[in-house]
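Chains here go by letter, A, B, C, D, E, F, G, H, I and J, matching the order in which they are written, and residues are numbered from 1 within each.
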Amino acid sequence: MLYLVHMQVNIPATLAPEQADRLKAEEKAYSQKLQADGVWRHLWRVAGQYANYSVFDVAGNDELHQTLMGLPLYPYMAITVTPLAQHPSAIALN
Amino acid sequence: MLYLVHMQVNIPATLAPEQADRLKAEEKAYSQKLQADGVWRHLWRVAGQYANYSVFDVAGNDELHQTLMGLPLYPYMAITVTPLAQHPSAIALN
Amino acid sequence: MLYLVHMQVNIPATLAPEQADRLKAEEKAYSQKLQADGVWRHLWRVAGQYANYSVFDVAGNDELHQTLMGLPLYPYMAITVTPLAQHPSAIALN
Amino acid sequence: MLYLVHMQVNIPATLAPEQADRLKAEEKAYSQKLQADGVWRHLWRVAGQYANYSVFDVAGNDELHQTLMGLPLYPYMAITVTPLAQHPSAIALN
Amino acid sequence: MLYLVHMQVNIPATLAPEQADRLKAEEKAYSQKLQADGVWRHLWRVAGQYANYSVFDVAGNDELHQTLMGLPLYPYMAITVTPLAQHPSAIALN
Amino acid sequence: MLYLVHMQVNIPATLAPEQADRLKAEEKAYSQKLQADGVWRHLWRVAGQYANYSVFDVAGNDELHQTLMGLPLYPYMAITVTPLAQHPSAIALN
Amino acid sequence: MLYLVHMQVNIPATLAPEQADRLKAEEKAYSQKLQADGVWRHLWRVAGQYANYSVFDVAGNDELHQTLMGLPLYPYMAITVTPLAQHPSAIALN
Amino acid sequence: MLYLVHMQVNIPATLAPEQADRLKAEEKAYSQKLQADGVWRHLWRVAGQYANYSVFDVAGNDELHQTLMGLPLYPYMAITVTPLAQHPSAIALN
Amino acid sequence: MLYLVHMQVNIPATLAPEQADRLKAEEKAYSQKLQADGVWRHLWRVAGQYANYSVFDVAGNDELHQTLMGLPLYPYMAITVTPLAQHPSAIALN
Amino acid sequence: MLYLVHMQVNIPATLAPEQADRLKAEEKAYSQKLQADGVWRHLWRVAGQYANYSVFDVAGNDELHQTLMGLPLYPYMAITVTPLAQHPSAIALN
């Protein structure tokens, strides 16, 4: 089941740079693991912003929530979720 | 080059049903042709709404604009465009 | 899987009263059938408005979309969907 | 009498982690006591956010306000309240 | 129990003037009856707008909804409701 | 002359608790003095929020501004003002 | 007493041109009479829009409302009102 | 050439009171000098807010920007600018 | 003096196609005349929308307003204006 | 390919003045280098605000994103991007 997720990252200036760097590295590893597993199906940068649009393929709302809460940068993100359904004109299945 | 596009369809009640049906059929054919060509890379229904999120792969802003203006339902759509860039953590190229 | 759905009804003044009445009767029957089936789990009127908040229990995004599109008043509704997950402090399962 | 309540939790980074943990534990106990009493009738997590939608069954506006002000995390919440009425198509009483 | 209610009136240009006049007269009578009964406790015009702020004193959400739905101009109003509680510094009871 | 005033209180976490308590006590005394004088005609708590809706009866815009600026918690409030006029259907004078 | 008023004019396409012209002429006469009387103290066009910002000098909220309701184009305007007070740094009295 | 300018002042709690007082005194002197010069043509307090609406008479966009940047409180202000044109019904020239 | 202008075109479905075509042709001629004169310095299409961003070089607010009001499609446009000043880092003069 | 970019600069009060000055100097040099190269085609100050509207001429979304991320003040900016296409009435090519 697919969800479009928008993540806006707001790392506060008070976070120590080394801690920010460590979180970003963990975030990258976490993200790439999920991409390799097919859960984080798409990951795009919004041009000009520290933000991304992503598509997740999960079993449902609960798995989506657990996956997003697991993001190392989760405490510094504003997240919005749009549930996606099969479009009748799409030539591919979701 | 990728763009995330949100289309909200608002067909007015004053449009004759047969004309609406014809436009929807043309829209479907237009959309599926572009999907087969790889231009309209993704097409998802927003759950609960007469709206979609789509990803287009085009040469740039001009081709995107021409492609969207060619939509048979274009006069009845509210469209927003978000340009997408390569995300440094993505394991796939855009 | 649960979704909170907000429906705002906007019946245009140009709709013939008898047609509006017929659609409202069909809407009521459709709604009560789904409530009896356990799909439309809750239905509340927003005080002072021709709107409701509802909770649906469906298999996922696709069933939710099909269910909402089947509403007889769907063409006259503005709908927003919020996917719900299990809350760790809830004493009941979703 | 029912109210739909949306709570968005914003715990500031300056709050000591042990104090935050203590408040969260108190919040959970407070919430589960009210759920067991039938006052906090529903509690759902908004997927992807540190937020919930809840339904309270109280005697009226004053009891609702007192109940919400008693939340241990109240100082860190943005709360909105929607009063709910009986829907004429609902098969259950509020 | 008190509620602050904001009503914005939007009478469409397509409504026949005599019908509009009849509805306004009915609205006035309905309003003054409820004011005399103590249900519609306050009624103020918003300066410069075809809108009012009102305070209703009713048994709860259901009576409020029934009262507002009974407004002759209800189909032409946009209504918002704010539930009010006793303020700890108020020298009068609600 | 009447004005509807909405006050949202935002006391920063950096304010010392004893200073906050002192300001709140001063605010209560200031408010009750003006209520007794008939200037602060109504004071209601917005259910679920650290906010109030109030009605002031003053000579005009200048007295309203001076009265609001005199609030001990004024530096921590977001205030909006709506000027009210006599409603033609009201059975009481403003 | 001064008020800043913003008026946005939206004349519907369904209004007969001769009726629109007559209303505009009446509006101009009404406006110039009030300007000559010192009630409509300032009248400025918002560059690029069919809108104006105006300053009215009236006895209070009721006179302001009556004055605005008397505008021949009132039914086609969206109006917002901001009450103005004496600024402590102003070298002129309001 | 006239511009309507809205200034909202937000002095942070971290600014030392004596520095805030000094800036306010400088702001007042700067403002009164420009008023005397006819550049800052009007200055009104928004009732209930630490904000003002002002009208500036300057040679153009550049002089306006330089004048506003010279405000001693400029770093603590949110400013919006509306360019004004001659209104065809105004009896006075801008 | 430069202004950034955003124009959103909303031609109503009730406008006869031949009249719409005539207005569009007049709009194009009007626009190209002003571009050739150096008044309409830039004209860009917003990708995916029936809208443009333009830069005008005029003597001031009044000439800008007259120029925009002269647009053949002016009655069907929503226009916003942003006055531009010389940027201190720009290597070209406005 | 052209993009309209809006940059709002928000330098926090906690940034040391000398560091802010250094960043601003770097920003100016970076900006003027790109202007000389023809990449940053236009740079205008928004009158009255610490903000600018700019037009970039880049190969596409990725180059735009890299260019904006390279801004020395990037961490203190809120940026929005509007992709621009050739307007059919423009007498110049983008």
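Operating definition for what follows: a residue touches a chain if its C-beta (ideal position, glycine included) is under 8 Å from a C-beta of that chain, and two chains touch if they have at least 3 such contacts.
Quick caveat: nothing in here was measured; it's all calculated off a predicted structure.
Shared contact partners of chain B and chain H, listed by label: I, J. To fit its Cα atoms onto chain I, chain B must turn through 70 degrees, a value rounded to the nearest 5. Legend: contact pairs of B-I compared by residue number with H-I, F-H or I-J; the interface matching in over half of them is F-H.
For the pair chain C and chain J, the distance between C-alpha centroids works out to 46 Å. One finds 50 Å separating the Cα centroids of chain A and chain G.
For chain F, the set of residues that touch two or more other chains comprises 2-3, 45, 47-48, 61-62, 64-65, 81, 83-86, 94.
In summary, the structure contains touching chain pairs A-B, A-C, A-D, A-J, B-C, B-I, B-J, C-D, C-E, D-E, D-F, E-F, E-G, F-G, F-H, G-H, G-I, H-I, H-J, I-J. On the side of chain C, the complex with chain D involves touching residues 2, 4, 27-28, 31-32, 35-36, 42-48, 52-53, 55, 82-92, 94. Looking at the complex, you find that chain C touches chain A at residues 1-3, 60-62, 64-66, 81, 83-86, 94. Chain D contributes residues 3, 5, 12, 14-15, 61-62, 64-65, 68, 79-81 to its touches with chain F in the complex.
Those residues of chain G whose C-beta lies close enough to touch chain I in the complex are 13, 45, 47-49.
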